[in-house]
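Both of the next two complexes hold chain A, though its partner changes from chain B to chain C.
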Partner chain A sequence: MQYNWNWAVLITEPYLGWIASGFGWTVAVSCAAWIIAFFLGSAIGVMRTTEIRALRIAGAVYVETFRNIPLLVQMFLWYFVLPEILPKSAGDWLKRDMPLPEYWTAVVCLGTYTAARVAEQVRAGINTIGRGQHFAALAIGLTPIQAYRNVLLPIGYRIIVPPLTSDFLGVFKNSSLALTIGVLELTAQTRQIGEYTFQGFESFTAATLIYLAVTFTVMAFMRRIETRTAIPGMISLGAK
Partner chain B sequence: MIEIQNASKWYSAFRVLNDCTTRVAKGEVVVICGPSGSGKSTLIKCVNGLERIQRGSITVNGVSVGAPDTDLPKLRAGIGMVFQNFELFPHITVVQNINLGQIKVLGRSKDEATDRALALLRRVGLHEQADKYPAQLSGGQQQRVAIARALAMDPVAMLFDEPTSALDPEMINEVLDVMVGLAQDGMTMMVVTHEMGFAKKVANRIVFMDEGQIVEDTTKDEFFGTRRGERAQLFLSKILSH
Partner chain C sequence: MTDGFDLGIIVRSVPFLWDGLQLTFLLTAIAVAGGLVGGTLLALCRLSSFAPLSFAAGAYVNFFRSMPLILVIFWFYFLVPLVVGRPVGGFYSVLIAFTMFEAAYYCEIVRAGIQSVRKGQIYAGQALGLTYRQNMLYVVLPQALRNMVPILLTQGIILFQDTSLVYVVGLHDFLVSADIVANRDNRLIEMYATVAAVYFVLCLLGSLGVRKLQRKYAL
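Take a look at the complex of A and B:
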């Protein structure tokens, strides 16, 4: 195979700028999606542990819907199908009038998809704690919401830091699918560099290294959270 | 103070509580004993509504526990509860455990709550452990903190659900001592326990349960005297034989 290696292409304008911009969009999509995933997922995970049957069912329906449809299909459903089945004005707004339609569609899609995974972690975390803690929280007069806020969730989150790390990493990797609806994130930009310069090996190597750098940073950050929130005297929770 | 009238409860077809009726007067200490699976723990958890009865009624200070319009968090705040497995909140310190309800439920300031917490810790002999986390304490210490946490809410009554069953033998007495002190101070107490020594020392009445029913409900003297029934006799002979 005849291939002319040219690493310099990566630091040549405009390609360096493309990589930087792609990296920026990847981070922007992932972080916004993670915020949605974390809060929505926590709410749904809590719903699945309450005593109220209707909430439990609603939570289960959400999780089973969003985790059982391929993410790529969800991306298309949000971007191509949803605007068509809404009333015309709402559909037009989604397609055209709202700022950055591709970006926000990707964020909502990735956020709601990941929320289903976060919900399952939160549910597992709370169920691990056991009824005794829940009873103790209620027995001192906390309302059910206060019991979740002050006791069950703070303990539950500590238990699920390691699996949450995986989901957080998943958001970064899955954000590459946003290219299919036209978000020029890292994968899209590096592919474009490959097409413009025929230096696909170099550009995808750059993408690989940047994704690795991001995920290792996330892992270090989560490890830090895990250590800092570890409960003194407890071995089963927190850092090892 | 606590009135239990014909309380019944089923777990699907299994009847855990069968028409239980008893009462605890203000300042009274009532010990509930009986073989495991007899419904003691379930009964005591129904008093503050952690478990629900399906038939009958329970009132605390005139407030019906099961009524739909009852403010359960408010009712529970006024009744202290101590659990078999302590159930301290592991992610916060001892003093924060005692402060949580005071601040979130009673609306006390942090300083006010801490003063009260430290005074109670002193009372149970643990004021030096205030800033430790529960997992750094022994079982007996944790249970004493749990008692302090319940007392911090200034309860009108205290419920104890087998408070010494999960403890190593050498730690049982440090918890019982605190409970005896409470009883002697006039606290209204409902105590599920097998500690017959404790019952003999401070109980006013003994309730003996078997298979979800209250079989005996007598004064302490009658219970430990000769007038107890056959089933209670059998139970006592089993737990007192060693």
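Take a look at the complex of A and C:
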């Protein structure tokens, strides 16, 4: 194996700046996508636990659709197909006038994809609480909305902290797919450094270490949150 | 750019797409088989009472599970030719990447499966005078496998979807084949919609099948 080592390439400009900006985009894509995933996923998860059949079916259709198409294909559908099938004015806006088109497409794609996973966790969390709490909430005169907001969701979220953590880390890792539509996030930048300098080993090592560091930091942080929010007497749903 | 939805282009490219789909199936099959074997060995290491072994297996699993699959593909696409000392083509690099990556995920599934086997079964095996190997092979693993089947298959479906990531190194799998036609004939809508529909139907049938199996085989 012949290879010229040059670790200094990682701290030379412009490459150090590329890594920093790549990391910045990775964080920006993941966090924005996670916000969509969390709120949309919670709404769909709730829909799947209601008494209203139409809502349950709509929720199930959403989850099955977004779970059974590869994320990369979804990325292409959002980026290449959506602007063509929308009415002309909306399509033109997406193609020409929308600021940061690649970034926002990646965010929406990742967000809606992850929402399907979050929905399943939220549904599982609410179902774990059991019907007793639900009926009790209704019996003391709460409206269904109040029952969800004040009883079912607060307890449900506390049960699903571990799986939600792994879903967040999933978004963080999946944000690398944004490179396929041209977002220069961490993986794309380190690959570019590899191609420019022929120091692929060093640049991929940098990316790997950054991904590892973020994963372990988030996991350590969330483990503390998990112990603090744990409900006595209830086992939280293990991460899958 | 579009003048209506052209079904003809889909029909005409079926043979080409079928070749791509076959590569997707092949990649999935080899990666599932390789990942399962590697994952089982890793799980046995992880559950071993010899601390360095279980630590090493744990480190392997956590390492691969913290990395995006695309980065792993890039790593092996770059490393394998360097280690072998000659160009080997994308296929083998990708295959190694998938197998090593999946082994980490299968390890956790197999580990949970082994841990789901009741302790009494293991003691009973030991009491009968079975060696560790015999006990694992004839008592623990068969029961563990039965518990794991649904989740193993679900992971297989995820892997089937994940193989589309070979796009980044340009292997001619299903998605890349469709992509080639799409860009050649400027028929993005038709081709991407076809790809999405085919993946959707296959994965939905797969997961419905898994659910049915789950009800039938639950211990």
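Please note the rule applied: the second predicted complex is superposed on the first by the 231 of 240 C-alpha atoms of A that agree within 3 Å, B and C clash if a C-alpha of one lies under 4 Å from a C-alpha of the other, contacts with A are read in each partner's own complex, and residues count from 1 in each chain.
Everything that follows uses one rule, which is that contacts are C-beta pairs under 8 Å (C-beta built on N, C-alpha and C of every residue); 3 or more make two chains touch, one makes a residue touch a chain.
Everything numeric in this text was worked out from a predicted model, so none of it was measured.
**Student:** Which chain, chain B or chain C, ends up touching more residues of chain A in the combined arrangement?
**Tutor:** Higher number of touched chain A residues: C.
**Student:** Touching A:I140 in the superposition: chain B (first), chain C (second), both, neither?
**Tutor:** Touch status of A:I140: first partner only.
**Student:** Looking at A:P154, would you say it contacts chain B, chain C, both, or neither? Reply first, second, both or neither.
**Tutor:** first
**Student:** Just to be sure I read the superposition right, which of the two partners does A:W7 touch: chain B = first, chain C = second, or both, or neither?
**Tutor:** Neither chain B nor chain C is touched by A:W7.
**Student:** For A:L179, select first, second, both or neither according to whether it touches chain B, chain C, the two together, or no partner.
**Tutor:** second
**Student:** With both complexes superposed on chain A, which partner does A:T187 reach: first (chain B), second (chain C), both or neither?
**Tutor:** Touch status of A:T187: second partner only.
**Student:** Going by the contact definition given at the top, which residues of chain A touch chain B in one complex and chain C in the other?
**Tutor:** Comparing the two interfaces on chain A, one with chain B and one with chain C, no residues are shared.
**Student:** Using the touch definition from the top, list the residues of chain C that touch chain A in their complex.
**Tutor:** Per the touch definition, chain C meets chain A at residues 1-2, 63, 65-71, 74-75, 78-79, 82-83, 85, 161-162, 164-165, 167-168, 175, 179, 188-189, 192-193, 195-196, 199-200, 203-204, 207.
**Student:** Of all residues in chain A, which touch chain B in the complex?
**Tutor:** Its residues touching chain B are 132-133, 135-143, 146, 150-151, 154-155, 158, 231-234, 237.
**Student:** So in the complex, the part of chain A that touches chain C is made up of which residues?
**Tutor:** Checking each residue of chain A against chain C gives 1-3, 64-65, 67-74, 76-77, 80-81, 84-85, 169, 173-177, 179-180, 187, 191, 194, 200-201, 204, 207-208, 211-212, 215-216.
**Student:** Please give the residue numbers of chain B that touch chain A in the complex, ascending.
**Tutor:** On the chain B side, the touching residues are 45, 48, 50, 72-74, 76-81, 83, 85, 87-91, 100-101, 104-106, 132-136, 146, 149-150, 153.
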